[in-house]
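Shared chain: chain A. Partners: chain B in the first complex, chain C in the second.
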Partner chain A sequence: MTLSLPQRLKRELAATPLDGAVSAVLIVAITAAAIGFLGWAFGRAQWLVIQANGTLLAVGRYPVEQQWRLWLLVGLLAAATGLGWGLLRGRRWPFNDRLASVLLVALGLWAPAALGLSLPLQVRWWAITALLLGLRWAFGRWGAAGLARLHPRVRRLLPLGFPLLYLIGLWLIAGGLGLGSVAPSEWGGLLLTLLMASLAMLLSFPLGVLLALGRRSELPLLRWGSVLYIEFIRGAPLITLLFLGQNILGFLLPGGLAPDRVWRAAAVLTLFCAAYLAEAVRSGLAAVPRGQVEAARSLGLSVPQTLGAVVLPQALRTALPTMVGQFISLLQDTTLLSLIGLLDLLGMARSVMANPAYLGKNAEVYLTLAVLFWCCCAALGLGSRALERRLDTTRPA
Partner chain B sequence: MNQPSAECMIEARGVQKWYPNGFHALRGVDLTVHRGEVVVVMGPSGSGKSTFIRTFNALEDFQQGSITVDGRALSNDLRDIDAIRREVGMVFQQFNLFPHLSVLENLTLAPIQVRKRPKAEVEEQAYALLERVGIREQADKYPGQLSGGQQQRVAIARSLCMEPRILLFDEPTSSLDPEMVREVLEVMRNLAADGMTMVVVTHEVGFAREVAHRVVLMAEGQVVEEADPATFFTNPSHERSRQFLAQIL
Partner chain C sequence: MSHSLEPAAAPRPPWWRDRRVMPWLVQAFVGLVILVVIAFLLGNLVRNLTAAGLLLSWRWLGQPAGFDLSESVLPFNAEMPYWRGLLAGLVNTLRAVGFGLVGATLLGTLLGMASFSSNGLLRRLAAVYVEVIRNIPLLLQLVFWYFVVFLSLPNGTEALQFPGVVLAKSGFYGAGFEAGWHWQGPHLVNGVWQAPLRLSVEFTALLTGLVAYTGAFIAEVVRGGIAAVPKGQWEAAASLGLHWATTLRRVVLPQALRVIIPGLNSQYISLAKNSSLAVAVGYTDLYSVAETTLNQTGRAVEVIVLLLGAYLVLDLLISALMNGLNGLVQIRER
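And then the complex of A and B:
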């Protein structure tokens, strides 16, 4: 039975008098909030603070004459994204892809103009957007054929491109390819936030898996060591660990040898996240039925083979949503870095707001921060859901 | 019916097992299985049938007695255990297929990783085996997309892909709907006709009558009766066997 629009509205909003009253109150409240917010955002709000400090918020005090490195990196990332996207989807352009492309184009045109960038910089944005979508199109069309022509051995090595790209990125940021280096203390803003979060995610993942395996190990020393570590870390607030990390390494190592404060903070974030990931992986491991191990062992697979080919793939698949949730909180937790004096996105924002010229512009700055964080977390969430769907082997063929 | 040879494939002598909680699950079990022989193990629930056949590929350990499989004594030496497991296939009541791998990958995983055979050759063999159990067209699906009967046939093919000398079955049809039981028994019947050495825990009387060379009745961790199927089902010599048959026939 299909209902007409008024009928549907009535059923969904006002099935009973109480439902109707609740709906009415909510509609009024939401409308009022939206009008108030939009009125502020497009009327009273003064976005000059963001325009004037866009570079600071994006990359901190990264030396201007070295910023080409970051542009190059963004270009590389856009290329890799377009390439992977194209290979994944092929010639098809499903609705989500068309929507994403339109949003990307809109963003590529609007964001640089809204930020008040100079024309050459605006053109760079356009070029990067075009590169991304162009590669999406080209690799969707011809990528699969090109891939098929590669030697299988080469093809198997291709996924290694991602960690490689990451290392190249780090190297570029730190001043590779060219004269002079850029010390970590000069990294800041969104750049530092993303760098710290991604580094901690990448490194904490293997560590977390090892800890989870250690916790289930039959060797008592390994087991108790893992338990102790996991419970200690999970029992302590991150901020205390961050302060501890800044101080303890200074005590342990003579001044010059202690790694830079940025690296120390990255290490603490990694160690922190690993403990939580270990718990997620452990519950994933516990969810793998005993029969799986028995079947693998009775086929003659050794313990490591059973782990690698049968147990871990299933455990990680189960743990994926929890792990991504953990990554999302990690990304948000990087704001604590501002409390130990690093100029991450929040730290940079606070130093901007401390500037007397921008007194009273906190709302604009914080809203920008919230939107940026929201975009990053949404991207993580979308990525994880796409991965889950790909790994779901129970859906009907 | 295929005639077993005199060669011993499994020889269990006075096997005793206590579970870690102290439960005495096997109380001195003897059994000899010859090459090409089909032995059906029956018995009431909790009598130790699963425990017993799982000792043959060291999924369960035992404390006293001895078991020799294909000429190798089962000991605690891990290398020996791995060698035995390569030669002994096992089919479980719950199939235990690997849900994250396609049907084809389920079959080829162990031959490639354990026997180090080339992938192309193993895949060819896997397709042939799937053909033999009648589901070649499902090769690219995942286990979760198959019916129970199809899954159990994949599980049998998976064991066969390792080219085992002995196949153990632990109630392979007990979790299947009746209409799927037949297709799985059919596959097992063909295996028996080809001369595979099989130890089958099952309550399928028809299968036992038709295919088994010997039927063994276990109760309370011991072998109570051991006879050819005709004698076992019509004229058992022990009171315990008569009670059991009265329940299932």
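And then the complex of A and C:
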């Protein structure tokens, strides 16, 4: 039975007189809030603080003459994204893809202009957007055919491009090996936030899996060691652990060997995230039926083979939503770096607002940050749900 | 020719496949690695602390603190010793956590129930609220509440006034009983608000942020719990002629609580830990006092041991309470 629009509205908004009254109050409140907000955003708000400090918020005090390295990195990332996207989708352009392309084009044209970037910088953003979408189109059209011509052994090596790209990115950011080095204390803003979050995610993953295996192990030493570590970390607020990293790590290492504050914070974030990931993986491991292990063992697979080929693939698939949730909260937790004096996105924003010229522009800056974080986190969540559907073996392909 | 009934003795497996040997070797190896790492770290710690003249000692706890707290439930001033300051910080933390637990539970329960409302707008509003709050860092939300919302409130006669409640830049004022059991609302004395219940603006901002954030997570827990009750239970109760509210109270909630309470436990613990972000809005909680103490005394190890210990005990306390509660709502089988 299909309902007409007025019927549907009545059922949704005013099924009973009380519901109708509640709806009326809510509609008035929402409209008033929206009018108030829009009036502020397009009237009283002064967005100049974002325009003038766009570069600071994006990369912090990264030396201007070295910023071409970051541009190169963004270009490489765009190229890799376009390539992977094209290979994944092929010739098809489903609704999602068309929507994403339109959004990307709109963002590429509007954002640089809204930020008041100089023309050469705007052109760079246009070029990067064009590169992404162009590669998406080209690899969607001819990528599959090209891939088929490759030797299978070469084809299997292709995904290694992503970790390689990550290492290249680190090299471009930090320098060394021929490039002038840029000290971690000069990284800042969104660059530092994303770098810390991605580094901690990557490094904490293997650690978390090991801890989860240890916690479910039959060997008492491994089990109790893992339990102790996980519960200790989970019992402490992150800020106290970061505080510990800044104040005690120096004492724990031989004099003069203590790494830079940025690396110390990265280490703490990694160790912190690993404990929570371990719990996610543990719940995944618990969901693998015992018969799977017994079947694998009776086929003569060794313990590492059983884990790697039978148990972990199933466990990680079950644990995926929780793990992504953990990564999202890790991304949010990087804001705590501002409390120990690092200039991550929030720290940079606070130092911008300490500038007398921008005093009192809290609302504009914090709102921009909130939108940025919201988009990143929501995108991660969407991606995780898509990956979940893709990995779901119970669903017909 | 007699066949032996016993199977031929299988060849002994090599030692690395022997399940009696390998586990112990692995454990011995891991244990050795852990021991070596710990010994290395502790050795460095002792050596570095000796060099800095900061060997473990607790005597500094009795020395006068020399700093004041902007806000403290326990009376505190600069002449009092450090331990008293840390205790005052702990009490402030407990105060924030206590108020926060009550507020977040109320908000979360209401939101969770709203997602089962027959009103489509209310349902979607609850969902949007949860999606927005969960994807923005708590610290950002706290500084937003403090710097953008509460510090821009006016003072004096222009403050936000509701029946029995006043919100001003100087804090939150609520009606209550004054001495002699007479009801007293917020009132102006020489342009300054006075009321029986007064919360500082820092505490109000912290509380608002914690409640708004944790409430969104609790809403999901409550929603999941109610959704876990089979639909047949609602229908059976309705066919018995029970009212919607009675159904929720007597049939659905008792069953949902079994799912909700373990989820609440972890949200409560994360609220307790998140209260340490109070330092960003200038509320003098335990972490903030500890930070000041460390900066003044340089006693890094002792301060952090106290800090971690206090939060660990707080977590365990919440866990124990919630586990007790969980035991009460579980189905008692014969």
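Just a few scattered comments:
As a convention for this text, the second predicted complex is superposed on the first by the 389 of 397 C-alpha atoms of A that agree within 3 Å, B and C clash if a C-alpha of one lies under 4 Å from a C-alpha of the other, contacts with A are read in each partner's own complex, and residues count from 1 in each chain.
Just so it is clear, a contact is a pair of C-beta atoms (placed from the backbone, for glycine too) under 8 Å apart; a residue touches a chain by one contact, two chains touch by 3 or more.
Just so it is clear, the structure is predicted and the values come from calculations on it, not from any experiment.
In the superposition on chain A, A:Thr393 makes contact with chain B only, not with chain C.
In the superposition on chain A, A:Leu219 makes contact with chain C only, while chain B stays out of contact range.
In the superposed model, A:Leu177 makes contact with neither chain B nor chain C.
Of the two partner chains, neither chain B nor chain C is touched by A:Leu158.
In the superposition on chain A, A:Gln314 contacts chain B only, with no contact to chain C. By the touch criterion defined above, A:Tyr366 lies against chain C but remains apart from chain B after alignment on the C-alpha atoms of chain A.
Of the two partner chains placed around the shared chain by superposition, chain B is the only one that A:Ser298 touches, whereas chain C remains out of contact. More residues of chain A are touched by C (comparison of chain B with chain C).
Counting contacts as defined above, chain A residues 302 meet chain B in one complex and chain C in the other.
Residue ranges on chain B touching chain A, taken from their complex, read 57, 59, 82, 85-86, 88-90, 92, 94, 96-100, 102, 109-110, 113-115, 141-145, 155, 158-159, 162. Partner chain B is touched in their complex by these residues of chain A: 289, 291-292, 294-302, 305, 309-310, 313-314, 317, 391, 393-397.
Residues of chain A touching chain C in their complex: 11-13, 15-16, 19, 22-23, 26-27, 30, 218-222, 225, 232, 235-240, 243-244, 247-248, 250-255, 302, 328, 332-333, 335-336, 338-339, 346, 350, 362-363, 366-367, 369-370, 373-374, 377-378, 381. For chain C in complex with chain A, the residues that touch the partner chain are 17, 23, 26-27, 30-31, 34, 41, 44-45, 48-49, 51-52, 117-122, 125, 131-132, 134-141, 143-144, 147-148, 273-274, 276-277, 279-280, 287, 290-291, 294, 300-301, 304, 307-308, 311-312, 315-316.
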